[in-house]
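To start, I am sharing the structure in question, which I have written as structure tokens.
Chain nomenclature is as follows: A, B, C, D and E, assigned in order of appearance, with residue numbering initiated at 1 for each chain independently.
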Amino acid sequence: MSDHTLKFDIKDLDFFYEDFQALKNIQMEIKTNEITAFIGPSGCGKSTFLRALNRMNDLIEGTRVEGKIYLDGEDVYDKIDAITLRSRVGMVFQKPNPFPMSVYDNIAYGPRLNGIKKKSILNEIVERSLRQAAVWDECKDKLKQNALSFSGGQQQRICIARALAVEPEVLLMDEPTSALDPISTLKIEDLITELKKDYTIIIVTHNMQQAARISDKTAFFLLGELLEFDTTETIFSNPKNKKTEDYITGRFG
Amino acid sequence: ACGSTEEPAAETTEVATETEPAEAEMTEVEEAELEGAVIVDGSGTVYPLMANIAEEYMVNEEENVSVQVGRAGSSAGFKKFIPGETDFSDASRAIKDEEVAQLKENGYEMGTDVYEFVLAYDGLTMVINKENTWATEMTKEEIVNMYLASGNVTTWADIRPEWPAEEIKFYGPNENHGTYEFFYETILDEADMVATANLQQDYSTLVDLVANDVNAIAFFGFGYYVSNTDTLQAVKVDFGNGPVEPSLETIGLDLDYAGFTRPVFTYLNVKYALEKPQVLDFAKYVVSFDGAKRLAGDNGFAPLPDAMYEEYQAQLDALK
Amino acid sequence: MDNSVNTLRDQERENLHLDRKYIDLNKSQERLKKRKIINIVAQSMFSLTIVFIIFVLGLLLFNIIRSSIGWLDWEFLTGRLSIRPEKAGIKSVIMGSFMLMVVVAPVTMIIGVATAIFLEEYAKKGTIHSLISLNISNLAGVPSVIFGLLGLTVFGRIFGLGSSILAGGLTLSLLVLPNVVVSSQEAIKAVPNFLREASYGLGATKWTTIRKIVLPSAIPGIMTGAILALSRAIGETAPLVVLGIPTLILKFPESFMDDFTALPIQIYYWTLDTVLTKEYANLAAATIVILLVVLFLLNSSAIIIRNKFQRRN
Amino acid sequence: MTDTKYTMKLRKSSKVENIVPIILFVIASISVVTSIGIVLTLVVDASRFFAEVSIAEVFGTKLEPLKKDPSFGFLPLITGTIVTSLIAMLVAAPLGITSAIFLSEFMSSKMRRIIKPIIEVLAGIPTIVYGFFAYNTVTPLLMNIFPELGAKNALSPGIVMGIMILPIVTSLSEDAMSSVPDYIRKGAYGLGSTKLEVATKVIVPSAISGIVAAFVLAISRAIGETMIVTIASGSSKQFTLDIMQPMQTMTAYIVEFTSGDAGSGTIGYYSLYAVGLMLFVFTMLTNLLAKYITKKYRREY
Amino acid sequence: MSDHTLKFDIKDLDFFYEDFQALKNIQMEIKTNEITAFIGPSGCGKSTFLRALNRMNDLIEGTRVEGKIYLDGEDVYDKIDAITLRSRVGMVFQKPNPFPMSVYDNIAYGPRLNGIKKKSILNEIVERSLRQAAVWDECKDKLKQNALSFSGGQQQRICIARALAVEPEVLLMDEPTSALDPISTLKIEDLITELKKDYTIIIVTHNMQQAARISDKTAFFLLGELLEFDTTETIFSNPKNKKTEDYITGRFG
């Protein structure tokens, strides 16, 4: 894959829940194979923005988008249909949410949607995805076991594997470690850094250390606006905006 | 006597008069199996007899034929029979001219497309409460008079001064029933009935009502009385020659209870009998000695003279 | 505090005779005894209510079981109907009820679940949704005998199904449909939204998500509701009577177009016919026992499914 | 690692996706069609009835549907329905409310878990069984107490119907009472109230709308109940208010008529639908009233 | 009324919820016409103790008391029955809990229980209680109005009036202002100081300032034990126990 070409290009994005404007005139460029972190106080619109990128917001009645989002130069709200988009732009959620079925079926769910029925290919995909998500060793003997019977950290990695199984280009992660204990969190952070080689990753986090540790770029949101967007180093060491600094140093939020 | 095709049935008839069905079974082995439904509706008075015949037929003759018996009442039965919804229509009164006319409109000619069979005789029975010690005997005139609106009878004392001055509760089956029509047309001669007469759809209700009210009186078929002799008593009726109690010995057109005796009928849709072998077969069974004649007594009806059943059998045999 | 306010308060206070006691403690004490006695009396009367209710239930079961003793045996279960009480058996009656359920179960499940999916997943807001929901809650309050009239007119006469098993089954299906819809709605609502989102996030379409994620999770709840609806349908009498089931059907039902008799119908006719033959009351009681056993089994299985399902969550 | 891309079929929002909601919508409309069917069934045939019978006659007391010269005064049916329902409420209301108070305010939670299901068993018993019970057990029992009681009467089915609707009153009232927040209860105890005083002076008044709604709903059930009255109250069409006497309800009239003279085309036959329509309107109104009460007087604490 | 005689005398009090011991060997003397504040971290047993004083805990299944509580020298668990006790020891709760009926009926509820039926006397009691609770002016024209239609602060004062109407000797208040806004809180605090002249008051509070402002004595509870009980001045300026100091200065809790 080409390095650091433009993956997402967001132009003048406004987003509305009914009458409430949750995002205001967002401009952002997201590069391939980078990790971008979204930070900001609760309710500032991080999740909303993230969900705009793979059109998950379409599922909420009464929402409206204005402006453009381009994925590899294609308008995602116009040229790509939501279903295709979502298999190109995978998503991992805050709370681990495996389906109440076996680990195997969880991982195979996406590939099966895409018409893959051959057992041998499915087996391969399952193994590869679980390996990528660094959870293969823990569940290779329990593939038929219900995914809900695993620990929270394992469940989250299974969910990541499930997302990887559809071979997305981008991974969106909305506070993927906030429901986890510190050890599981570290494992997932390692995994994310590892995945960076093959994927473009966008992660929402409340944990400043986490953003600093793993991301290349950081975006700071406040009240629906993108206040500052820069390399993580700049944001954490030398922010241009006073509010960014206040937030990062824990003075509000 | 049933004709050449029905030889086993004829044998059965002879045996069955001894009421020993177990031996009869042995003879029906080689018979061709019939199947399908036979639909009977109509008189509630005739219902127990017809239901009994139907059951005997299915148990002893054709177990794959389904005979369904309803008891909507004679008039209600004809309402279904006329447009061809049923194969048989039981009635506790003869079919009326207007009903014959309606049949004709539907393409059924009485006598060729519809046969009338008298099944047995029923004695219209006046029933009173067990505790009623006075009205155990009445003349026919008293009975007619008490049920007539013009009779002005409201208390027992209005009939005979020595009887209690308590209000009489008049009951009877409602207008769906042939029994009502027989009473109204033949006995009351179509004069208005007392306005307080309380007419019911279900005979069970009537039995209950009279069984629990000392001042109640009702009329219905003898059959419903004999199954309830423990809670009801029958009024002995004086037709001019002294009081007569209804019983199988007195009910009959030329017997002592003749004044309140009436024939009960079933009507057969002949077109269906020709189309559906099971209908014809059942019809033959109904009028056989094995059918109505044998079972009449059990259900509180007096059987006809043998000759009449034989005549009906011949009539049916001639169909094919 | 502001001084003027305080003085005002003092004045008011004098007007209020604070030192005056309105409540006489001695009198209150006496009164309290009465109040406590009333409380105890009421409590025992209330508990008598419960005892009475349990007594009535006991009386009902006792009398039915007592009447059925001696009549409820294997021959009764497997024999054919007869107008002679000692020979009568209810095999065809059980079969009739069973075949009714064979119609009711799939028909209500399909219509009920489809309606619930439509309401919960496709038409969440708007006039269509509220129209159908309102309609369903109204249908739930329509007396069953009215459904009988509907069945008589539409299935019996217009569709020409007469008083067949199919006509009866369809009538009962409509009758219990609201129950199935509401319980299926509850079950679908209970499926957490994050499972739907996860599925969409993998690029699944709406229908795929419903089929593969929502329905499998909702199935226990749907089953529980459906079984309870069946147990209501199996005891319904009025709609079938109105359809005009003939009084005596000796034949074993074989097809869905056959006329039939079913447990509640047979109980009804036998109850009416006790004037013909007293022992019919015993037959009715024995049939009631069978009906109650069937209901007990259905309800227990619903409870078992529900408990199993709850434990897993 | 990821250089082996498997060929995945690119799926569009397929046809299925568009057709499914339409199919579901069509099926969901069956319930609406059912309602329309009910209304049409009733209204079409009832209108044939009303074309021949005047409204004045309908509210008369003379009901002789089968006479050569029939008359259709439905008042006996209306009073029959009201009387039996009233008796039922006279049984169910006091028993229901006291058992609800007892369950919600007096009983320990352990006992409640045992007793409540027993009461709910009553709700699961088919009405035909209650009918048999009324006819076979309760009527003979009552006849020992009231010798003048008829074998068919309004009293016995009324009482049994009361027992049938009792679980509705109990469980809905209990729900209403237990939803009164505990801190209100505590407030009352804190002032030195006995349990009874808390229950009757605070909890019942607070839950009154739920309780009234439960009553109304129960009445609606009683009005629509069929088998108990069909079996045990007789089919007398006389106009009477004497509960010792047989009476006929609207529902029982429908059953009687369909099991008897179901031959279509006569005014008698159409009268069936007129009564059905009346019954439908009656129950609909009571149901709506119950809904209205719950909505309107629902208390936000 | 005699000043500062002994009102409550608590000896060796243990309290159990099923197997859990919520109060351990409490000893306390509460003087007439004093305000005693109970403070301590959440779950330390303040409410449990308060409810033991008027036997409200009796209403909770599976509770058990050991030790003695004397009110004016009488054993409340032995010599006084719970109903009488509760009308002598009134209670005001955390969340305002007026009955859903008119203000008038709320206040008249207690007197009516005690057999007062005469309209004129009830009127007097209602007015007096509402005046005492400093809410008369706000509701004198709305006595027939549902009590729930008043604001939270007004509701709480109505509840105090309701408690006063039964002429109790002691008022127990469990965080009576925690559900209220600052202005309503101040009003209630004023009221409490005022009521002190006529009643013995015990108040549970999480608000140190409040305890310091209004109480004469303060009791500090920790894990079911009464750690320190002294004049409010001593507790706040010179606590003997290190834990008390830590708690008061906000170092834990």
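We take it that contacts are C-beta pairs under 8 Å (C-beta built on N, C-alpha and C of every residue); 3 or more make two chains touch, one makes a residue touch a chain.
Protein names from UniProt, one per chain: A, E = Phosphate ABC transporter (ATP-binding protein); C = Phosphate transport system permease protein PstA; D = Phosphate transport system permease protein.
Here the structure is a predicted model, which is why all the values come from computation and not from measurement.
Participant: Where the contacts of subunit D and subunit E overlap, which chains show up?
Facilitator: Chains in contact with subunit D as well as subunit E: C.
Participant: Which chains, if any, touch subunit C and subunit E both?
Facilitator: Expected: D.
Participant: Select the chain whose centre, defined as the mean of its C-alpha atoms, is least distant from the mean of all protein C-alpha atoms.
Facilitator: It is chain C that sits nearest the middle.
Participant: Which one of the chains is farthest from subunit A, going by Cα centres?
Facilitator: B
Participant: Distance between subunit B and subunit E based on Cα centroids, please, to the nearest Å.
Facilitator: That gives a centre separation of 86 Å.
Participant: On a C-alpha centroid basis, what's the spacing between subunit B and subunit C, in Å?
Facilitator: Inter-chain centre distance comes to 42 Å.
Participant: I'd like to verify one number: the distance from the centre of subunit A to the centre of subunit B, where each centre is the average of its C-alpha atoms, in whole angstrom.
Facilitator: 86
Participant: Suppose each chain is reduced to the average of its Cα coordinates; what separation in Å results between subunit C and subunit D?
Facilitator: So the centroids are 12 Å from each other.
Participant: Do you know which subunit A residues sit against two or more other chains?
Facilitator: 83-84, 87, 113-114, 166
Participant: Two or more other chains in contact with one residue: find those residues in subunit C.
Facilitator: Residues 35-36, 205, 272 of subunit C each touch two or more of the other chains.
Participant: Touching two or more other chains, which residues of subunit B qualify?
Facilitator: Within subunit B, residues 202, 208 contact more than one other chain.
Participant: For the complex, which residues does subunit E have touching subunit D?
Facilitator: So the residues of subunit E in touch with subunit D come to 54, 56, 59, 61, 83-87, 90-91, 93, 95, 97-101, 109-110, 113, 148, 159, 162-163, 166.
Participant: Which stretch or stretches of subunit E touch subunit C in the complex?
Facilitator: 81, 83-84, 87, 111, 113-116, 121, 124-125, 127-128, 131-132, 166-167, 190, 194, 198
Participant: Give every residue of subunit B touching subunit D within the complex, in rising order.
Facilitator: Interface residues on subunit B, with respect to subunit D: 72-73, 75-76, 79-80, 174-176, 196, 198-202, 205, 208-209, 211-213.
Participant: List the residues on subunit C that touch subunit A in their complex, please.
Facilitator: Its residues touching subunit A are 124-125, 192, 194-205, 208, 212-213, 216-217, 312.
Participant: Per the contact definition, I'd like the list of subunit C residues that touch subunit B in the complex.
Facilitator: The touching residues are 82-84, 246-251, 258-259, 272-277.
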